[in-house]
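Heads up, the next two complexes both have chain A, just with different partners, chain B and then chain C.
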Partner chain A sequence: MSAVTAAAVAARDRGTWRAGVRKYAAIVRINMQNSLTYTWDAVGQGVAVVLFMFVFARLWKTTFAAQNATVIGGLTLAQTVWYFVWAELVQLSKLDVAQTIQDEVKDGSLAYTLGRPYHYLLYHFAFGLGNVFMRMIFILAFGAAVAWIEVGPPRFVRVEALPAVLLITLLAFVLDYCIMAALGLLAFFVEDTSAFCLIYQKINFVLGGLLLPVDFLPGAIQTVARVLPFNLVLYAPSKLFVAWNGTQFVQMLGLQLVWIGITGAGLVALFRYGARRVSINGG
Partner chain B sequence: MQRVYAEVRFAGHLVRLSLASNMEYRASFITQAVGMFINNGIYFVFWLLFFDRFKEIRGYQIEQIFLLFAIVALGYGLGHTFAGNAARLAWLIAQGRLDYYLTLPRPVLPHLLFSYMEPSAAGDLTCGLVWYVFTGRFDALSILLFLVCSVLAAVIFMSFRALSGCLSFFIGNASRWSSFLSNTLLTFSLYPMGLFQGVIRLILFTLVPAAFVGAVPVEVVETHSLTLLGGIAGAAAVSVVVLVLVFRLGLRRYESGSALNVNI
Partner chain C sequence: MPVVSLNNLHKTFAVKRKTPGLKGSLKALVRAEYQTVEAVKGISLELDEGELLAFIGPNGAGKSTTIKMLTGILYPTGGEAQVLGYIPWQQRRQLSYHIGSIFGQKPQLWYHLPPGDTFDLFAHIYELDRAAFERRKAFLVEALGIGDWLDTPVRKLSLGQRMRCEIAASLLHSPRILFLDEPTIGLDVVAKQQLRAAIQTLHDEDNLTIFLTSHDAGDVESLCKRVIVINHGQVIFDDRTSALKRRFLRRKVIGVRFGQPVPDDFSVREATVLKRGTWGVKIELDTHVRPVDDLIAALMAYAPVVDLTVEDPPMEEIIRQIYLADDAVTVEVVPD
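Moving on, here comes the complex of A and B:
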């Protein structure tokens, strides 16, 4: 498309949802290009996942052997180890926006972005999403390599179900973003939100299924964990990756949409309340 | 001997100053410390759930895990309370911020390390003590060994952290690598050593001395073995010596930054 035609299309679509999509897609694309410049950062995260995967693989191999079990909580050893590959993939590559938003609230730079022709929250989502893909490639490559060496290839993965797994993974990123951005916006009320982020991270570790698949939790705790949104960030995509189940997919998708609606509404309300409190001084 | 005493007193002054500095932002200090305490507590829930279901793994039951976490948390907390700058060393070197310490008539390394207190470390300290209570070991010798092991673990933690920070002397800004290496030490120290065999086990007793901050101290407190305690003390001494040698070597390559820094 020539520059003139593109400009004509942009002028025709101005203010429509198509123009909005193009705008945020451009932000995603630009940050994907930026992330190519920092390939070594992504490699570094890939190296980090080797550490975690190695420890998890050893822990669960020893546990399965000690229990003399082939299946625990409905998962075999190989499924359990590959479950952690996907869980680490989501955990290490998801949009980590809380710190950025907190800093922008604290130093006032948020005020300068309010007048720009994009929505602050959508901009940060698109910006973060652009950085995700490169990280995902390396984390998946390194994590899969460790799992392959420790327990062999993932023969149980249903290739035809992967698009659905990717959809659940994308929605997991959206849900996590709503929660993390809301935590960052708490900087309107408290000086430092890092403690809240740490607590959220650790809740994800336990009730979200990063350290222990939700199926392994005791009955009552498992029931609570399945109702809360945390398992929809890590457990849902990871479980579907290693043990595809159409009924479970529909349930998880429905729950994800409900929780995205709830947390998204809370996030927007928090942002509007905070934006009203922003005062801009010259300087 | 008088010189050593003077340096210890100086380090004490630095720690008091850091504490006073943190107290200026009391609400933030308390929030971070309480946040870290809750953070550690939630993480520990994983092991409670794990042992609720699986009871034992390679000789470790929940009692040993309480002791392991108590020693690691207290050691980590002590290290980051008294020598918090070890965690920032890679960044300080890369930013050329050693100039301030180089111009003063005090040994650079201890002055540098003891000049910052990590506020959240108070949460780790508290966790360590609380977890020890759950071990049920209240005899004087066990408590003494627990405290001595935690102090030695703190020395190893911070020497290793600072040593990884020294990478900045050689490869530029090594903040990420420093952080990754110390996370490696911390991660491995929080798991029963029986999970790891062969070369990995050898590494955990040498290059990444996780065994000396976790599993070996647990055995010392359980068996009251003074031989093993001597082993931990030896590992701590070696880690300090290696740190001093590498820091001196790196300092020769240090290039001052042009930035003006104000230390208040």
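Moving on, here comes the complex of A and C:
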């Protein structure tokens, strides 16, 4: 075989959005394949969810019983428990990129990704997405099993609204990614970004709806929490999952898009600034 | 028309400094001190299409920093560079479709997956026509002899096998220039030879321009017609490899292990015995005084030989010799 006939040729649609989609889809796909190697890690995470969900279910059963209430903050006991199934699903499946990006900034390996024909930030998003599906399967299976046993099936879930819930969940991943990746890129300025990540995690606990649904927060705090981006990562998809509301969906979708625009622009600016400051030790 | 041209390229890094101990740490906390390190100090060179250039120097000389600027992943502090008409750090994405790179310390193959999966991924990343990609893959698999490992997870491959697969991955999109940064690092003698043979084959069959950095003089001797030596970020030698060999790779160190004990008064004609053990000796030889094959023949005639190695002088030694021989320097040199 001669070298001439063996030369690679660009696809006819190189440079188009279709070729771009195929490129990032291939990154998602290969990392899905790769994540099969870590199936037992995903199973382990699923088992951890059993513990979380058991504690949440018992806690809220006790709370509802103590208040002798059937509804708190607009949610029944069953809705509240299933809310946490979805919230844990998002929390434990989302693309945890801050540490990876921080490490790449610090050891300079970020630079190697820059030398390929893809965008660093889109690459990491696609890469992270490849990990999500395997984790989601086990977390949902284990979490749902506990909730089912404790409070029964989620009869209130509107099957026809599930595509919209999944859209809000996907956008929640995008929004969280913009924030987490930006926190990772702060490594250009500070030695360790873990403190910022810890603060973000704790804010998500309280204002994001992981510890309790935003509807349960006191009035003023609830008003503030609803316009901040944090509730759009965990609360928004979880609330729509258990209590579908078309008007709320449109509001949440709009807010998500606004915050993705704001945090995405900040992330890109941070990345452009940082790419010029890349230095690599050794060599 | 050169495919690579550098003009007075500079790169400085700000490196954080801290005196030892708790006091130093506290001081650095209040006021961090930075030292400017000049990794590349005004390098100029040109490379023609189809050339196989060795860019060598000791650790910390600035080889990798230069290659990273040429591939667009580092911004220079000063100077100009063009690769295939592109300014690497400004047109990184466009350039990446036309160059390949291998960084010995940064694998690109997916560790838990077979190389074939990474190849498929790269076909999408470089947006290649599927049929042309399959033909190209078949060509590289044959040229590099990697057919048996395509379906084996990378983690199960030896370092040498992995490196050949890395080279295939870098060439799938038919780049015009291949940047090889320390490709033989960590390889044993046999794997090094196999890899060098593969690089030579691809260069010959693909008319590939290769920019190879290494701190191994053996890579240079066996592969490249032209060599550039850099030290402290400056070019100190730019000439044909034959000139480097003639003038600075004359000395060889031959290690031999015999099948019988070595007598105390062991000596060899026109060579120096550096070290003598019970079963073996280490001999230094100037190849202009006595050819290597002549000495090896004499050693084999002397007693049964169990093991034998021929080593080049370390890169530091070559650099030292270049500095010592003022007339040998073919470019302006300003030693630190």
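Rule of thumb we're sticking to: the second predicted complex is superposed on the first by the 269 of 283 C-alpha atoms of A that agree within 3 Å, B and C clash if a C-alpha of one lies under 4 Å from a C-alpha of the other, contacts with A are read in each partner's own complex, and residues count from 1 in each chain.
Basically, a contact is a pair of C-beta atoms (placed from the backbone, for glycine too) under 8 Å apart; a residue touches a chain by one contact, two chains touch by 3 or more.
These numbers were taken from a predicted model, which means no experiment stands behind them.
> Looking at A:V47 after the superposition, I want to know if it touches chain B, chain C, both of them or none. Which is it: first, second, both, neither?
After superposition on chain A, A:V47 lies in contact with chain B alone.
> Contacts for A:F205 in the overlay, against chain B (first) and chain C (second): which applies, first, second, both or neither?
first
> Kindly classify A:T63 by the partners it touches after superposition: chain B alone (first), chain C alone (second), both, or neither?
first
> Who does A:A19 touch here: chain B (first), chain C (second), both, or neither?
In the superposed model, A:A19 contacts chain C only, not chain B.
> Once the shared chain is lined up, is A:A111 touching chain B (first), chain C (second), both, or neither of them?
The answer is second: A:A111 touches chain C but not chain B.
> Report for A:T37: first if it touches chain B alone, second if chain C alone, otherwise both or neither.
A:T37: touches chain C, not chain B.
> So which bits of chain A does chain B touch that chain C touches too?
Chain A residues touching both partners: none found.
> Given the complex with chain B, which residues does chain A contribute to the contact?
So the residues of chain A touching chain B come out as 41, 44, 47-48, 51-52, 54-55, 58-59, 62-63, 66-67, 190-192, 194-196, 198-199, 201-203, 205-206, 211-212, 216-218, 221.
> Where on chain C is chain A touching in the complex?
13, 63-65, 68, 71-75, 92-93, 96-97, 101, 103, 105-106, 108, 110, 112-113, 117-118, 120-121, 124-130, 132-133, 135-136, 138-140, 142, 172-174, 181, 205-207
> Which residues of chain A touch chain C once you look at their complex with the stated criterion?
Touching chain C: residues 1, 3, 5-15, 19, 22-23, 25-27, 30, 33-34, 37, 109, 111-112, 114-118, 276, 278-280, 282-283 of chain A.
> Considering the complex alone, what residue numbers of chain B touch chain A?
Counting only chain B, the residues touching chain A are 25, 27-28, 31-32, 34-36, 38-39, 42-43, 45-46, 49-50, 52-54, 56-58, 120, 176-177, 180, 183-184, 187-188, 191, 194-196, 200.
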